[in-house]
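Naming follows writing order (A, B, C and D), and every chain is counted from residue 1.
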Amino acid sequence: MHSPTIQKLINLFSKFPTIGPRTASRFVFYLLRLNEREIKELTSAILKLKENVKLCKLCYKSFEPSTSSGQKAEGELCEICQDPRRDKSLICLVEKETDLISIEKTRKYQGLYFILGGTVSVLKKDYNPPTTLPSKGRAPELKKLRRIQELLERVKNPEIKEIIIALNPITEGEATALYLERTLKPLGKKTTRLGRGLPFGGELEYADEETLSSALEGRK
Amino acid sequence: MHSPTIQKLINLFSKFPTIGPRTASRFVFYLLRLNEREIKELTSAILKLKENVKLCKLCYKSFEPSTSSGQKAEGELCEICQDPRRDKSLICLVEKETDLISIEKTRKYQGLYFILGGTVSVLKKDYNPPTTLPSKGRAPELKKLRRIQELLERVKNPEIKEIIIALNPITEGEATALYLERTLKPLGKKTTRLGRGLPFGGELEYADEETLSSALEGRK
Amino acid sequence: MHSPTIQKLINLFSKFPTIGPRTASRFVFYLLRLNEREIKELTSAILKLKENVKLCKLCYKSFEPSTSSGQKAEGELCEICQDPRRDKSLICLVEKETDLISIEKTRKYQGLYFILGGTVSVLKKDYNPPTTLPSKGRAPELKKLRRIQELLERVKNPEIKEIIIALNPITEGEATALYLERTLKPLGKKTTRLGRGLPFGGELEYADEETLSSALEGRK
Amino acid sequence: MHSPTIQKLINLFSKFPTIGPRTASRFVFYLLRLNEREIKELTSAILKLKENVKLCKLCYKSFEPSTSSGQKAEGELCEICQDPRRDKSLICLVEKETDLISIEKTRKYQGLYFILGGTVSVLKKDYNPPTTLPSKGRAPELKKLRRIQELLERVKNPEIKEIIIALNPITEGEATALYLERTLKPLGKKTTRLGRGLPFGGELEYADEETLSSALEGRK
């Protein structure tokens, strides 16, 4: 139906998160209405992303090293990890950068972060916590936690006192939290999880029993 | 469009919670398909409701006094208030009976209840907590809390150590909780609220900042 | 969880169309708040339904014979079938009374009706149209069209020139329409179906191909 | 919150149809995970769009002139307008290219097209059809129909016998259709509109009265 150039671009946009072929084709027709200057603006912004944006060596957050001033020129760490006012005894583990941004927006957290970049699915019931650091031979499912080695290295830092596991309270997040707790336990660090309860706007009548139990236990 | 008998019943069903005229008319056509025995079964079940079901003098939960055995024959208190294994030092304030049922389903709460039967809307900013028990002259808005006097009487009982305000974390619930805290404070009782946080199935990315702040503060 | 009287009524309301146990229990708590007069009003309205409302002998629409005046005292036919201004050469076949009401609301149709009271599911591919009137031995699926004999009797009336099959354009409606067309054909009557096309508020972009084809073919 | 390069790209993606800032930021994090080759593939596909794709001089459909063969080298007309098997006596007016694609997918239409590129909002009641071609001084609202002059020119072609106005049956589409009918009338061409009715999957009970009236009138 579509010409090759258009179809090619529809295919590429269809890989974008949440986008199907219908919306992808609307993107293409939108681009067809843009003028040359606007198209250039978009493509150069995409290309600059790879050039300008790095991942922090410590927490894997994306950041843009300032090039001119030289102030942040060493450029290995993001602005959060470099901030001397941040509490370095706290690490908050999140699945992805948008979760980190959500937490930053609360302006209530002053510690550091670590972006896991993935979660594991439900673990087998007969799963045994590893007695050593996960080896190369670990289950394929656990490979989704591709930064687990880097996390274990970083957590060895004696400055770190508490590790907040801030994963989504869904099946995968719970399975991953359980795995992380078991794996981090031998290192003698305190691990915590986000509090459960009713969200703002929630109603008792529609809350699941687990959430309501947590809300009762966590009353204050 | 409809005949008078049908229209009359559509009007009555339209007053049922969540029901509009379209669903009300589907109810009527459903009833038209029932046979005489089934119709009798429904109307006598409705009539028995008023005859058999009472509201508990202590907590206002509906209950059905057992008539035959004489065991519960005194019939003034519901099965929860009568249960000797319940912890009488705890009272959980809820808006309505369905909220009580939700909490009972968790099987985690062993105290007693009090059904407020209503909530107040947003209070004015310059609201001053009453120095005495709310008098007859209180604001019309507060009349929605029609059992407030009964609550204050009940709470005087020295057995009661903690009052859990288990209202929905929505604007009305929050305003009512604030009012109750201020009103109960002079009685020297501990008041608590349900814990806030992410519900099961929630996601950090879509959580509001208030909920996420509570989840961080309530970590454990 | 609920007392027997309440649970009994929840069970009965759960059989109402579109109602699940949660809404059913909200109905019961709503009824508990009504006073005795209001309860009586509801139950007597339900009981009067069976007493006052009849099904029309001709079209199966519900109607209420006027008792006082004697005008409609014979009371076998609904107000539509009795109306001398109605065009008796047209019969519109609908599945249920709410569909009849929808058509009446358009004020565009002046013929008569016949309420089938059911539809059949997908017919087998090797289905052969009956050469005679459907006999007692017909497939169980076809028993859902329990008024098919009455329809065939009625349609024999030479006054009737056109039969409009006004079934929902969904799989069951289509299968039933096909069955009716085949069954009515030997009687030499003209059968028609509702026009297909884009509804008000529809969009070409989201229309299925069949609907859009009909809209193109039916352009005017 | 975001670095300048990221924020810039979020802003650009937020202009894409249906995309808000949240999804736009998910797009950026998706791009950050792509490797250099994949980024190049995307940007060059976007750039090729402007180079390779033209708008048809006759119907404004996008198309890609074949460069190699020379067959379509003149490259002024899209593949539909060039197709000798197409019925040139029919023009179908659509709002946008996705609507054209929807119609092509039905494989039921063999005429040509004209993409209007916009619709007008509700016209004033006292609107008078222009006695001449719309002049420069026409109402600002009508400027949204920016190709109206080109349409009027094209429609003068004596080959054209019927103009199908295939606009969405929503308020804007109806107003535009009315305007087009009045404007095209002096040219003595037959104009038609898409048939209205119940779509596949629709139900009489939930159909609006206008749609149901059309379905009754358009029965066949």
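Remarks
The criterion applied here is as follows: contacts are C-beta pairs under 8 Å (C-beta built on N, C-alpha and C of every residue); 3 or more make two chains touch, one makes a residue touch a chain.
In this text, all values refer to a predicted model and were calculated from it rather than measured experimentally.
Of all residue numbers seen at the chain B-chain C contact, over half occur in both copies; the interface is built from largely matching residues. Among the other chains, the CA centroid farthest from that of chain A is the one of C. One inter-chain figure worth recording: chain B and chain C are separated by 40 Å, centre to centre, where each centre is the mean of the chain's CA atoms.
Inter-chain centre distance (chain B to chain D, centres taken as mean C-alpha positions): 55 Å. Across the assembly, chain C contributes residues 98, 105, 205 that each touch 2 or more other chains.
Note for the complex: chain B touches chain C at residues 1, 3-6, 8-9, 12, 15-18, 23, 25-32, 36, 39, 41-43, 45-50, 52-53, 55, 62-64, 96-98, 101, 104-105. If you check the complex, the residues on chain B that touch chain A are 94, 98-99, 102-103, 105-106, 108-109, 164, 166, 168-170, 192-205, 207-220.
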